[in-house]
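The next part holds the structures, each set out as structure tokens.
Both of the next two complexes hold chain A, though its partner changes from chain B to chain C.
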Partner chain A sequence: MDITRAKIRELRKALDEKQISAEELCGEYFKKIKADDTKLLSYITVTEDKAKEMAAAAQKLIDEGKSSALTGIPLAIKDNICVEGVRTTCSSKMLENFVPPYNATVIEKLNADGYVLLGKTSMDEFAMGGSNQTSAFAKTKNPYDTERVPGGSSGGSAAAVSASLAPAALGSDTGGSIRQPSAFCGVTGIKPTYGRVSRYGLVAFASSLDQIGPICSDARDCAVMLNAICGQDAHDATSARADVPDFTAKLGQPVKGMKIAMPKEFFSDDIDNDVKSAVEKAAKSLEAQGAELVECSIPGLKYAIPAYYLIACAEAASNLSRFDGIKYGFRGEGRTFEELIRDSRSKGFGEEVKRRILLGNYALSSGYFDAYYKKALALKQEIIKEYNEVFELADVILTPTAPTPAYKIGAQDNDPVKMYMADICTVTVNIATLPGISTTCGYTADGLPIGMSIIGKRFDEQTILQCADAFEQGFEPVAPKL
Partner chain B sequence: MSAYYPTMGLEVHAELLTNSKVFCTCSAEFGGAPNSRCCPVCSGLPGTLPVLNRRAVEYIIKAGYVMNCDISRFTKWDRKNYFYPDLPKAYQISQMPRPVCLAGTVNINVNGEEKAIRINRIHLEEDAGKLIHDDVNRISLADYNRCGIPLIEIVTEPDFHSADEVIAFMEKIRLLLQYAGICDCKMEQGSIRCDVNISIAPKGSSELGTRTEMKNLNSLKAIAKAIEIEIERQEEILDNGEKVIQQTRRFNEALGETTAMRSKEDAQDYRYFPDPDIPPIIFTEEELEAIRLSIPELPEQRVERYVRDYSINKKDADIIVGDKRICDFFDEAISEYDNPKAVANYVIGELMRRINLGEADMDNLKFGGREFAQLVEYMQTDKVSQANAKTILREMIENGGTPKDIADRSDLWIKEDSDLLAKTVDEIIANNPKAAEQYRGGDQKVFGFFMGQANKALKGAASPKAIQEYIRKKLSE
Partner chain C sequence: MAIDTNTIRHLCELSKLDYDENALEKVRDEMSDIIDLMDTIKSFDLTYDDTKDNNSIKFSETREDAALPSFPTEKLLANAENTDGCYVVPKVVE
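Moving on to the complex of A and B:
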């Protein structure tokens, strides 16, 4: 068997039983990356030398019998999560040579476990996009069809896991950036409840929506990864005090009696028939296991896209202001501060990033603040309320992850609004600060994966993991052929 | 007599005396080598997040209490967005709609008249860094040490009508902030800064004129001067039938003039919005009460204590309380020697005199209140003469040490040696027979001459009382 196709828990066993050393294991992945990533471009930076050192240290722990869940496990990290001493670009020319002098909290946690870094994965520039095509460096391809997008913005992470160039990866999700590429690439990704995982060291896109989460080959591995990265952090005032349970605890428990809501707005004509029927089929399979399907409505969905883009762009406009060419990153030219800042930002940012900065600043400017930003915050409250109402009737909510399967590269290049509309199925989960997991529920006739999302109550990742796992146990995934 | 009536309001920025910065754990101390007191958070590296220093919040609540403000039970932070190289995040974390403190009052006394100045609001924000412009090499360098030092901004209502009132207010809040331990208020180091909004209107007019905002006022002297010349400038404009333009003006102390920085038309849109990284705070009554109770004794309370408990007159008490360093020194001294009046007299009469002469400096004093009190006690109990006390104090100022060691070393004690006294005075009388005759003949004035001669010869070895008694006795023989 090709070990790179193994799950984290299988790798754990192989390492602990000395069937393979940590150095050999990461070596297998680097071999694969060298062979296949020229076709996919999922990595921006591959950290082979660092990985060898990390693997040696991990092996020592394993030899001493001190291994924990991720000791010696190679992982890929999205390139907006700071790793000390490793270039962190956010796929932007602006940060092309930026080497952070500190680790994100999630990296500190993974280090404590003895993980091994394979490299930093490509993404849409500053996580803005759903195709990975706004990357300034590596426009990642879909492993199922290299003429198609892998999704985004964590497209590099999803493609790498899908093509077995990493057993698991970290991504970040502001409006679907973990779930949608997971769906497009046929893997499983979870966006935890806002506050579950520290954002310290995640280069901010929209602070009230951003959340780090894992992309893995199944829900069980997602649970293992969550166990390693969750928890309150003194460096992030928005990280939650909530107790961190063992996320693997409910895996394997039957879904009998679980109430699964399917809001009708998520199954409208805007959703591809292939997608709808695959998700509905998956619902039937869960029903067959004893789950109860509940009809419901989230009418606020029609406001989701404007509300999301107003909040996200407003926060992004402010968050990305620090990239001014003064302290680090790309520096343009100019005789005055103003000229220098203007030139640095004009040349350092790509088109989509600039579009969102303009949108955000417009929404925040005096005279428009009440009409746009404030209204968006009111919609956020409305959407939260509607979700709360649904959760009075149901344990989880089931929706498609994206309206379509992976589309052709370039198909949405000239239509930003159409591209924004493609986030319709995912953004409300971020707005409502809920956890959501995407797993593969079928394939199109062309063999493209179709993803479904299971949304849970705040801090109830356990139940959506349980539900996704219950489905996965009866589903045979098809690996991409490169 | 001017035909116009000036109206002013202030925006005062005061740096809080917290150990660490407001959103990270870097030292908040003044100075340091450039960029030695900053970290990924305060220098705005990507991915970093601010975590609010609760101590800074405690301090602003104290500031609110000492200025009689309403303390908001719910408060939150906003981002003020603008680009400038001294602001690494390109936004300042500040407070817009929900400041910690609202609606207060501070009483000032100008030329014997009490007046209440209304405080509009006090909010908490972070300071920016500093730019150093190197004109020779035509480059600008940024020092981020000051970035993230907690600041409170105190905004007053337009309640001032003279420079004297503004100065009195600044002095009053300086004392309040110092005594409450909120800010050290060193204008020269920029730990307290003041912008003045100023407008004039024809006397009797009920409407305010167009205001200008004056920046870069680094001393009380500069504030007074800037107000004076800005009022003159505006008067001239109105006298010429022109209109004052609403603008921000920079005071140039060297040239004694103000120049326009920017006008209202190019005022920036700061695009304030709630900072999503910092959760709002809700205070409980218990928390606020605990903070209120932790406020130390304030200047007015100290004056009251000195007058009531120590029978020090109000004027002297005001003088001592007028400088917190002296006041703390005084409190230390009277804990050593329980004679507040004598200590107060010597503090005001001698120590402060020397400070005013530039001989001593409260920030670098080589002795404490305890040593000072010992010296006063030696004088009061006739162990050291007044003249020798001055000598001892000079030595303490110059080199430190205890009065006992100095008196021992330089032989400055009163010895009450009656033989020495008798011998010395006898000699003086014998050498001045004419003066002795005059005294005996009823001319009391020459007594002073004998005292002076004796003091000089004895160099403090006898107490004035003993000398006096002996001279009287001898001349009456």
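Moving on to the complex of A and C:
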């Protein structure tokens, strides 16, 4: 058996039963990364030396019988999550040489579990994009077809897990950036409820929407990862005061009687037929297990894209104003303070990031604020209300994760509007602060994965994990051939 | 066109970004398309009510106002390009 294809829980067993050591295990992944990642470009930084030290420390814990769920488990981390002493670029020239002086809270939690860092994965620059092609350093390719995008912005994390270059990874999701690449790369990724996971140490894009979550090969591994990273954090004022349950507790429980809503707007003509039929087939499969399908409507979806982009870009314009080339990051040239800042920002940011800063400042500027930003906030309230109403009728909501399977590299270049519209299936989940999980529900005739999303009530990740797991247990995934 | 060149220049001022003339025209055209998409929101006729933002999420309470250890100066300066024990910038006063 190829150990790099094993699930986290199988690796746990292999490590605890001494079938393999932590050093040997991470060594297997580095062999695979060296062999295959030249074709995919999923990693920006590979941390082999650090991994050996971490693996040795983890092995000591295992030998002493003190292992926990992730002790000795190698993981990849999206390159917008700060790891002390390890270059964290956000795929931007602006942070090309930035080495964080501290760990993100999620990294502190993984450290406490004794994980092993394989490296930092590529992403769209500052998490702005859905293709990984706005990365300044590694324009990741899809493991199922290297002429296609892996999705984004956590495309490096999804591609690495899909190609078995990591058993699991962390990503971040502001408008679908965990779920959409998971769908494109045929893996499972969960965006937790806003506030469930600390954002401390996650380089901010849109602070009211950003959330860290895991990308794994199935829902069961996602539950294991969530158990390790969730919880309130004094460093993040928006981390929620909510009890953290055992996310594995409902796995394996039948979905008999579970009410699954399918909002009609998510199955419109804008959604590719292959995608629609795969998701509908998956719904029938859950129905056959005893779940009840419920028709419903989210009319606010019509305005979701402008609402999302106005809120996200307004927050991004503010968050990214900190990049001035003075304290850290790319430094340009200039005879005056003002010239230095403008040159640093103009040369340090890529085109998509600059467009979003301009849009954000447009929405916030005098004369436009009420018409755009406040209108977007009104829509946010409406979308939350509509989701709350659906959850009075149903336990979970089932939708496609993306309107199409992975598209060809370059297909959306120079067309930001087309790029933004492709986020239609995912952004409302962030706007409404809900948890959502994407899992593979089928393949196109060309063998490209199709993802479906299961959306849950606030802080009810357990039920969406249960539902995704129930589907996965009867579904045979097809691994990519590199 | 949803947005003109002068508005783009104003946004560049607010954003502290520079484009040369050719690039500015391209950005104006792209931003016009984007603003057209954003304008669809105008047909939605609800008004924002800031008393209705409760998502039932209870966030952290403010911690006690106590001094806690901070980062060593040299660690923070390690990411700055020019340092002399402080951040070095072009002269800002005559």
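We take it that the second predicted complex is superposed on the first by the 482 of 482 C-alpha atoms of A that agree within 3 Å, B and C clash if a C-alpha of one lies under 4 Å from a C-alpha of the other, contacts with A are read in each partner's own complex, and residues count from 1 in each chain.
Going forward, a contact is a pair of C-beta atoms (placed from the backbone, for glycine too) under 8 Å apart; a residue touches a chain by one contact, two chains touch by 3 or more.
The shown structure was predicted, so the numbers you read here are calculated from the model rather than taken from an experiment.
Of the two partner chains placed by the overlay, only chain C lies in contact with A:433; chain B stays clear of it. Of the two partner chains placed by superposition, A:62 touches none, neither chain B nor chain C.
Once chain A of one complex is fitted onto chain A of the other, the partner contacts of A:98 extend to both chain B and chain C. When both complexes are overlaid on chain A, the residue A:107 reaches neither chain B nor chain C. Once chain A of one complex is fitted onto chain A of the other, the partner contacts of A:226 are absent, as it touches neither chain B nor chain C. Of the two partner chains, chain C is the only one that A:382 touches; chain B does not reach it. Once the two complexes are overlaid on the shared chain, A:201 sits against chain B while remaining clear of chain C.
After overlaying the two complexes on the shared chain, residue contacts for A:365 are found with chain B and with chain C alike. In the superposition on chain A, A:355 makes contact with chain C only, not with chain B. For chain A, the partner touching the most residues, choosing from chain B and chain C, is C.
Shared interface residues of chain A, touching chain B in one complex and chain C in the other, are 98, 101-102, 234, 236-238, 317, 321, 324, 326-328, 337-338, 341, 361, 365. Interface residues of chain B, counted against chain A in their complex, comprise 40, 43-52, 79, 81, 83-85, 88-91, 140, 142, 269, 271-273, 276-279.
Those residues of chain A that touch chain B in the shared complex are 80-82, 88, 90, 95, 98, 100-102, 104, 199-204, 206-208, 234-238, 314-315, 317-318, 321-324, 326-328, 337-338, 341, 361, 364-366, 369, 373.
Within the complex, the chain C residues that touch chain A are 3, 7-8, 10-12, 14-19, 27, 30-31, 33-42, 44, 46-50, 52-53, 55-63, 71, 75-76, 78-82, 87, 89-90, 92.
Within the complex formed with chain C, the chain A residues making contact are 97-99, 101-102, 193-195, 232-234, 236-242, 303, 305-307, 309-310, 317, 321, 324-329, 331, 334-343, 345-346, 349, 354-355, 357-359, 361-363, 365, 371-372, 374-379, 381-382, 384, 416-417, 420-421, 432-433, 458.
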